[in-house]
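My questions will all concern the structure given below.
Chain nomenclature is as follows: A, B, C and D, assigned in order of appearance, with residue numbering initiated at 1 for each chain independently.
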Amino acid sequence: MSTLDFSTTLGNAWFPTPTFTASGCASSGRELAQFFDLASIGGVVTKSIMSKARSGRPTPRMAETPSGMLNSIGLQGPGLDAFLAKDIPYLVEQKARIIVSIAGETVEEYSTLARKLRAVSGISALEVNISCPNVENRGLVFACDPEASRRVIDGVRRTIGGELPIIAKLSPDVTDLVSIARGVVDAGADALALINTVLGMVINLDTMRPHLGGKTGGLSGPAIRPIAVRAVYQVHAAMPQVPILAMGGISNGRDALEMIAAGASGVSIGTASFGNPMAIIAVQDELKALLTAKGFNSLRQAIGYAHRPESE
Amino acid sequence: MSTINKNAANVRATIVSNKRVGQYFQLIINIGELATVCKPGNFVAINVGGANSRMVLRRAFAISRVSTSAISGGTMELIVAPHGQGSKWLCSQVEGDELDVIVPLGTAFGIPTEPVHVLLVGGGYGSAPLFGLAELLNARGCRVDMLLGASTAAKIYAPMEGKRAVNSLRIYTEDGSMGHKGRVTDPIPEMIHDSNIAVIYSCGPMAMLSAIDSITRGSDVVHQCAVEESMACGIGICMTCVLPVEQEDGTVAMLRTCIDGPVMDGSVVQWEKVGKAL
Amino acid sequence: MSTLDFSTTLGNAWFPTPTFTASGCASSGRELAQFFDLASIGGVVTKSIMSKARSGRPTPRMAETPSGMLNSIGLQGPGLDAFLAKDIPYLVEQKARIIVSIAGETVEEYSTLARKLRAVSGISALEVNISCPNVENRGLVFACDPEASRRVIDGVRRTIGGELPIIAKLSPDVTDLVSIARGVVDAGADALALINTVLGMVINLDTMRPHLGGKTGGLSGPAIRPIAVRAVYQVHAAMPQVPILAMGGISNGRDALEMIAAGASGVSIGTASFGNPMAIIAVQDELKALLTAKGFNSLRQAIGYAHRPESE
Amino acid sequence: MSTINKNAANVRATIVSNKRVGQYFQLIINIGELATVCKPGNFVAINVGGANSRMVLRRAFAISRVSTSAISGGTMELIVAPHGQGSKWLCSQVEGDELDVIVPLGTAFGIPTEPVHVLLVGGGYGSAPLFGLAELLNARGCRVDMLLGASTAAKIYAPMEGKRAVNSLRIYTEDGSMGHKGRVTDPIPEMIHDSNIAVIYSCGPMAMLSAIDSITRGSDVVHQCAVEESMACGIGICMTCVLPVEQEDGTVAMLRTCIDGPVMDGSVVQWEKVGKAL
């Protein structure tokens, strides 16, 4: 029996396993380290970091929904400097592979973040979260605007040079995901992260008002998995050469394999960790067992398998 | 830097008993060795709904008491109000059922080094963790007064055994169906004035905690309160459970109540900013 | 105790209760009539009808997903003539109020359908399902294209005259739902139906291929409810005067009240009827009880309540 | 025009017993009066997962047998394979648990008016409804031969009592672990050739039904098969469960197998078009 090659790559970054935390769902990594060794997973994707400290949205920041949840955190975080001083050294010390997620309010802010991260060692890749309101354009979310998306990635690419792979994280709340994906790839993204949360709302029937402090929130969890699988499939069909880091409701190895077959090179686990801090480890073990049971010699062979004609 | 309770572990735990008490359910759950590391104020996070559940998040409950007996091993007690679908599911579980539990979580009530006079104030099921706390304080030689309040008698949780460690107990109900009619916070100003209360320990609805803060604000009385914000993960990774808290440098930060709480210093919580953008 | 005025209007059509079937989730009505009196609900929204008979997509046509399902029926139906000959007379005989849903492959087909329906008596309103591929524009779904959406509604409006209210049914799979909504209202829609299913996919792990015969399918059920509530809230905020028929995961009275508070004048129940054929009756009874318990004298008072400032 | 089974009703029904039989579970469910209107071939649609279930759709199961006794009232028997999450949940339910059931649904096997020679072919749990059918046919004086097949012995469902109504029973397993080694369809051509079989009744995987159709095609043998397509509603309102069926006018229509089936005339089903666009 041959052993499975479980490794994967996103751009020029290599990872021993294809399982990652999802941005914003693992805080700084410390908390999950109580439950498993951070070096044992593919990597930690950090909470999206901005230039300055941010206190985020008012509470309540969550609502549970059928097989999912809404969150409206509003990118609370310590700002880049504190992040570089405290969180990165900790993760490096744990021998975790690190994907830093960045977020900005202007095209310039993204470039600034990239510039400061350029020289930081121990980082495997940058995930660029463009699901943020663009203050220069009436708060329209970057990821919903092909031109703004392109400009953000272009700015980051120019700043960062060819060193670090750029993973552009897209929102599913668009009419034509493939054209946005094409735009950011043309602008220099090495890989894509699909999908960010879906915009949703819950009304609190006691107050008869929107339940969340931020009114709307992002829907995540198993409820959105079929949307994520479709997004990965569509984008992989259009650009089979571009690696995809897939996320959206992945809770077990079967969910992960759906994403891999649809075209993902790696998977991020977010909401599932809230219900089960060991979810990533479970996904990793189950995915490995499934691939082996199906006779694959490597993860690579399974990537995009669902696109092959029925006859193969 | 605040971190997750270093004793926290994710275990499968068996229900030893589940009894209805007034409008609550008293669950005794076997958590083995972990019972020895639980402190008054700590809480647990429990998976609800079983294998095919559409509920993806854990529910948080204060540990009411722990006991370590030779026969049953270590157990913890929870007092659960059947509120929404998750807590109702939990209340419907029976002896022998297994739960997926993360325990212990969060901060604990600070115990004074001197035998001072303390006041414990509980609202609704908020009284649950106070009895275990009372025993500890009593053992340290503190004088322990207790005030319990709720909207109505069936929502007062005050077990017989629990009262042993308490020097005085007064009950308030809003409808007057048990004890005094009124709010549990009504007598506090007078009690502070008349006696030498050093610490108030409180657990209950946020409005109650905030009201106690207005009373103690400016006084010497320390206010340790166990807060309750909506929590998605309970282990510090989601940032949903935050409260605005004044930092040493005077700035206000949104702190995670599952890690920096649930027990917090009431005087630094920015009560008027709760539910507002900073 | 005053009795509740439970009636509602969509355009100039009046209904005694605000609860409807959802298009495609009640077949011709006959099947549900075995479980309740069709005249006792607000009305029956018929399966989207096209000019000619259609056999639809290959099987499998469904996949269950967490708190939801995917379907790819592909608008199977008997064609308008058979529909008018068999289904309408039956519904009229049952004294059901009827909203006829129409679908087309070209702008012209919609107008043709409207022309033939114009003279048919017993119809309360037309629901125009524009979530169909436009054969004249590379199969791009009408509802994802502001201009095509507008042209469909404009064509129907011109044909039908001022008689029958037009309810334009929109897809949530767009970047800017409000602008599509504005476009169809400007073109003559009296009301909006929100939301159609969300595009999704499931991979069958036995075959490692898309599970559905049609590859992608429409996600419905409780999983999408937060998306639907958000859509209703956004559109009502932008156009409070336009009545909304809300759908997407409504399974009980509380779900319905969320939609009403977000801005809906009526609700359609689709997927919930698959699990519980009496779901519409349950929603109706529970919604009535909830409104009464909250002290409303009429449904109308609760419509859009969530938009009021906190202080009210 | 086809309509929903006119006897169908949505009821809460109590499980009388649940026993493991090989790789299946035999559930006896009390459905009261409705047992008297169930016919061989009819099926039921059951809600699965309980109150907080993420499973929103009903599951369909063939009624294996009904019995109406004075003590327990009317009951029906189901033979359930623990396949995915919903059927596994059903198999885990115990005596006394309540189910939400719609029963009876769909078409029934047609019974010949003459006492002819019939062959019953069952694959896997597909044999379940055949025993009740055999009794009925036997009572009408038919000669009833039966063939059961499965991949392996544990997937053969052939209860002792059931065999009484059968004149001959042959079992086929693909791995040879029980009866003959081979496919259940292997002996059919010879049987048709050697004896005067008027009707084949079949229930099992679609591939088996289709193979039987190729054998009977062009012959005088009538083929009544109980088909199985993925069903979302079971009551005719969703259009997911369709099969391509030739109409009287020669056109092919997608018919709902929950209403126009599950029992269909095998010769009009367009087997080669199943799973293809028309």
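The rule is short, and it goes like this: a residue touches a chain if its C-beta (ideal position, glycine included) is under 8 Å from a C-beta of that chain, and two chains touch if they have at least 3 such contacts.
Everything quoted here is computed from the prediction, not taken from an experiment.
> Going by the contact rule set out at the top, which chains touch both chain B and chain D?
A, C
> In angstrom, rounded to a whole number, how far apart do the mean CA points of chain A and chain C lie?
Distance between chain centres: 34 Å.
> Which integer distance in Å separates the CA centroid of chain B from that of chain C?
Inter-chain centre distance comes to 47 Å.
> Chain A to chain B: how many Å between their CA centres?
So the centre of chain A lies 36 Å away from the centre of chain B.
> Using the touch rule from the top of the page, what residues of chain B touch 2 or more other chains?
In chain B, 54-55 touch at least two other chains.
> Hunt down the residues of chain C that sit against at least two other chains at once, touch-wise.
Chain C, residues with two or more chain partners: 63, 66-68, 221-222.
> Once you've mapped the touching chain pairs, tell me: line, ring, star, complete or other?
Topology of touching chains reads as complete, every chain touching all others.
> Would you mind writing out the residues of chain C in touch with chain D in their complex?
For chain C paired with chain D, touching residues are 24-27, 30-32, 34-35, 47, 55-64, 66-69, 71, 73, 76, 86, 213, 221-222, 271-278.
> Write out the stretch or stretches of chain B touching chain D in their complex.
48-55, 85, 89
> So in the complex, the part of chain B that touches chain A is made up of which residues?
The contact residues of chain B facing chain A are 1, 3-4, 6, 8, 10, 47, 54-58, 86, 100, 102, 229-233, 235-244, 252-254, 259, 274-278.
> In their shared complex, at which residues does chain D touch chain A?
That would be residues 54 of chain D.
> Please give the residue numbers of chain A that touch chain C in the complex, ascending.
My answer: residues 63, 65-68, 70, 144, 173-176, 198-203, 205, 207-210, 216-217, 219, 221-227, 229-230, 233, 249, 254, 257-258, 261-262, 290, 294, 302, 305-306, 308, 310.
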